[in-house]
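Two complexes, one shared chain (chain A), two partners (chain B, chain C).
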Partner chain A sequence: MELRQISRDITDWFSGSGPMSDIVVSSRIRLARNLAGHRFPGSCSVEEKAEILDVLKSVLLSLDLGDEVFYLSLDKESELARSFLVERHLISRHHAMASGPRGAVITKNESFTAMLLEEDALRLQVLRSGCRLSECAAQIDKIDSMIEERVEYAFSPRFGYLTACPTNVGTGIRVSVMLHMPALKMTGQIEKCLAAAKDMNLAVRGLFGEGTEAASDLYQISNQVTLGVSEQAIVSEFENVIIPEITEYEKAARKQLLTKQAEALDDKIARAMALLQNAHLISSQEALFLLSHLRLGLNMHEHMGVSTPAIERLCALGAPGPDRHRLSIRTINRLFMLTLPAHLQLNYGQPLDATRRDALRARIIREALNPQ
Partner chain B sequence: MELRQISRDITDWFSGSGPMSDIVVSSRIRLARNLAGHRFPGSCSVEEKAEILDVLKSVLLSLDLGDEVFYLSLDKESELARSFLVERHLISRHHAMASGPRGAVITKNESFTAMLLEEDALRLQVLRSGCRLSECAAQIDKIDSMIEERVEYAFSPRFGYLTACPTNVGTGIRVSVMLHMPALKMTGQIEKCLAAAKDMNLAVRGLFGEGTEAASDLYQISNQVTLGVSEQAIVSEFENVIIPEITEYEKAARKQLLTKQAEALDDKIARAMALLQNAHLISSQEALFLLSHLRLGLNMHEHMGVSTPAIERLCALGAPGPDRHRLSIRTINRLFMLTLPAHLQLNYGQPLDATRRDALRARIIREALNPQ
Partner chain C sequence: MQCQICNKRTATIHLTEINDGVRSEMHICETCAAEQGVTAQSQMSINELLSHLLASQPSDDEMFGPSEKDQVCPSCGFTLDRLRKEGSLGCPADYKVFEAALVPLIERAHNGKSTHCGKVPTKVPTDTKKFVELSTLRRQLEEAVKAEDYELAARLRDQMKQMQ
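Showing the complex of A and B:
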């Protein structure tokens, strides 16, 4: 599998499809596992790491994962390639930056990754677009069980699965959803909403780490408690309480924008279009910020039937590529992902300094949004 | 003279014409005078003010000022009307905000104002577009002499003309030029340049008071010394030393933009056009900021023969009004002035809150820059 080849399109989990996709961009479940009879990776010698890697790699590659898979030796990949995998959420930042033998088994559709020798010996991840936690849970449980038939996991009858970080002990599960909440920001309610999420023992992060949430309006909400609760209970709480509650806030804020700040909303969308269609230099942060406004406008049109002057113009913008349809969320997300720094450089074929990246990013977006 | 009528067009001194008008927007000379046998206005009773006002008004209105004149009783004008006169630089902020009897004699072409009972009993002002200090000096001297034939000015053989503020004693002259220096800002050299101006004993202010220079890139440079130097010496120092020196800095910065930051320059101009053509809400500060970029682009085209992709698109933008020519500096300055808060409201016919002003300003600019 050539990374450069997959860098030319968005990954399926970011395609903007699936249930509740006007707010819930994606659903993800990760499981942390270690092997019985071995240390956690942080305490392993290089030899022991290599041994664990061999075992896990051969097990993972022998399974039927429902799709073609490819394997990456991360210690042999370039820094640019590893950054690209982080941008695509196929590996964690920790996994990219660690040292020593480590790898990743990834299905071609990118919905499944097994990170080998991350903080734990094995981290499984299932990632899908829209609100689909039950599907993610079913898939990851099935794979987890298949692996457990071949290896012995580090497990304590008292605590459950043992993990390098105590916060993962127990089920070892991390459930998270990526939510797009621009209206809560525009109406000045986002801080209150995030504080409420933290009160519910949830962790809140940006799409691409610290600070990016403010630019992209994308927030990743995940559980913090893994001990003493079942996987099912966590997934069910997300599906029945957390997601409905938070998305309801965002929906109310979108309605409020329409009734009380319609002119400001149109101004923001019109400005975002104008800048994306005309700028010659755009930073990654600004692209995230501006594309977020287009995504909001398009989703308000598709899911709430909203038609303001700016939104009508937005909907009529050309989509890139040979077939020019009306602008879609997929196109916006594609521009969003393909203009991230590592995507941009991998696609271009060589490293670029910040100004060259800003110029190339601006050109790609300009051409995509200015139909000939 | 109906203020609302003159609020529909720009004043001549801001038309963007005249010598060196790519950098020197306008030239202004003010003289401060008081009447012998009377206190300075700040120490006058209302009765004494009224008496001085009567004398000066009848003298001024009896003179041939080279153009039709109109008289305004400022204490009877609305706050909006007075703010409008300040935006047009026809009276000072101090004159607008003072209390008690006071007025202004203004020529219809707006090149001459006599402020009656400002800080001093009489402040004469001549204001012209471009670098024209000698013309301003000749005109103001002539008017000053005509007045002095009819009234006795407060004058000390030792100090010269006596004024309310000691910094004006002597010649009572304030010479100033309004300079457009966007390239010095973009190249990060403006602070150094302004510090050098201050070292030359010059005062530096923004177009519309504190803080606006940063938005509009328009700086008003004026003399601080009035005692012990002749009027001619001050005007000559401006024409032969100060203006050539400072404009040379700005010209060098414009060349530097082209050779070293051409892409950033095009980005700024393209963004300014895009926002002005598309925004639905624009604050006064932002309009000043964005229009400044258009003025720079157009002047670089006209005076330096520069043609970049963004500048070419800029030059092709439609001008407002029934006759659609290529975009001119006059059009940019007209939008600049007509969307100032008081101009906007006077033209509209009634006061508007900030959001309504921002919406109206955006609409006026959008329509002007989007030819049908």
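Showing the complex of A and C:
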């Protein structure tokens, strides 16, 4: 499959749908696995890597994954293609930047990826929009069991599934949710909330690595402990304790914004609209920052029934006639993803320097937010 | 671990200083670190985290006996020194070969736990399955007692007895 077949639209996990999607953008579960009788990829020779890759590729491609599947040899893909896959969260940055034989099996709906020869021989990933960890857990467990029928995993009775890094050993599970928390930042409470998450042994990261959490208000929260706690217990703690607690903080902050800082909120949304509708050069960081304010305004309208003058104008954006849909979260997310550097260049058909990317990004956003 | 400065908050920053070969450690919270002008890197990769854990461990001589320190994995040629530098292991057999050295490290990374609890591959021998299932039940029993859910604790205890 050509990457351009998927690059012109957003991936389903970023569609803005699903339970609690006003705050929980997406749910993801990853499993780390290795093969018995083989070294971990970091210590393998090229020949051993090729051997492991052959085994895993043929096993993965023989499974019924419920959707069309495509395979990418990452060592043969361009740097741009690999960056594109990172932007869509289909492979990790580590996998994109590594060297030597490695690959990825991806379903066409992008809900499932198997990274072959990442830090571990196999990293399975299931992604869904909204708060749907149980669904992710059921799907990944099913796929993992199907693979396990065909290969022998490295497993120890004491330490569980053996991984290259001892921080992943045991269940090898990494559960994470992507949360949009702009109100906590606007009200100056985000650091307190993130410190509380760290105290609960959770890791907090931005959407695309260092620095981007501040721009997009998107935070990825994941478990760090993978040993001595069952998969179900980790998922259940996220669903019953962690997510409800953190989303309650954000909801309270949104209410606080309305009661105590309504004008400041309106100002932020109005300024974001004005800039996005008129700018001719816009960096990726600035676009993430401004689109985050639009997402907050739309979500407050849809989920809390909020109607301030700026939010009213926001909801009417891009809706000049009866046939056009009002601005939706999906459109905001689409602009967010399709204007990321690798997406822009892949869809344009050639590499672009930073200034030309900023100009193209600004044009795409202007066209989407201004009535024709 | 409590912050060594305020003695109130949890220490989340662990500093190791080596001066003229003398090693000193400090464990402080983020607030006190900011007051002392220490900045913590917010985006720490898992491997960096492990390297920090390793750096805050006692030195090789203090931690491992001479035999462990110089031990080489017969399957992959891996040594503990490489683990310290690279933050990852060479092959599955390393977990057995370096078990004594790895357990304290694993316990620190996993909130004091060092025994698997959860899914088991269907292909493993029945004894292994039973071992993991019993460990899982033991862990659930501890949690039920901690939560004062004695009804659940009794059910788990009976289940364990049946298995044994």
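By definition in this document, the second predicted complex is superposed on the first by the 367 of 372 C-alpha atoms of A that agree within 3 Å, B and C clash if a C-alpha of one lies under 4 Å from a C-alpha of the other, contacts with A are read in each partner's own complex, and residues count from 1 in each chain.
Everything below uses one rule, namely that a residue touches a chain if its C-beta (ideal position, glycine included) is under 8 Å from a C-beta of that chain, and two chains touch if they have at least 3 such contacts.
All of these numbers come straight from a predicted model, not from anything done at the bench.
Colleague: If we overlay the two complexes on their shared chain A, which of chain B and chain C does A:114 touch? Say first, second, both or neither.
Modeller: In the superposition, A:114 contacts neither chain B nor chain C.
Colleague: With the two structures laid over each other on chain A, which partner does A:359 touch: chain B (first), chain C (second), both, or neither?
Modeller: first
Colleague: Just to be sure I read the superposition right, which of the two partners does A:98 touch: chain B = first, chain C = second, or both, or neither?
Modeller: A:98 sits against neither chain B nor chain C.
Colleague: Would you mind checking which one, chain B or chain C, touches more residues on chain A?
Modeller: Touched residues of chain A are more numerous for C.
Colleague: Taking the superposition on A as described, I'd like to know which of chain B and chain C A:39 touches: first, second, both or neither.
Modeller: In the superposition, A:39 touches chain C alone.
Colleague: When the two structures are overlaid on chain A, which partner does A:281 contact: first (chain B), second (chain C), both, or neither?
Modeller: After superposition on chain A, A:281 lies in contact with chain B alone.
Colleague: Given the touch rule stated above, what does A:270 touch, chain B (first), chain C (second), both, or neither?
Modeller: Touch partner of A:270: chain B, not chain C.
Colleague: With the two complexes superposed on chain A, say which partner A:218 touches: chain B (first), chain C (second), both, or neither.
Modeller: After superposing on A, A:218 lies clear of both chain B and chain C.
Colleague: In their shared complex, at which residues does chain C touch chain A?
Modeller: Contact set of chain C toward chain A: 10, 12, 30, 42-43, 46-47, 49-50, 75-76, 78, 86-92, 95-96, 102, 105-106, 109-124, 128, 131-132, 136, 139.
Colleague: Can you check the complex and tell me which residues of chain A touch chain C?
Modeller: Its residues touching chain C are 34, 36, 38-40, 42-43, 119, 141, 144-145, 148-149, 152-162, 164-171, 173, 195, 198-199, 201, 205-206, 209-211, 224-233.
Colleague: Touching chain A in the complex: which residues of chain B?
Modeller: Listed in rising order, the residues are 263-264, 266-267, 270-271, 273-275, 277-281, 310, 355, 359, 362.
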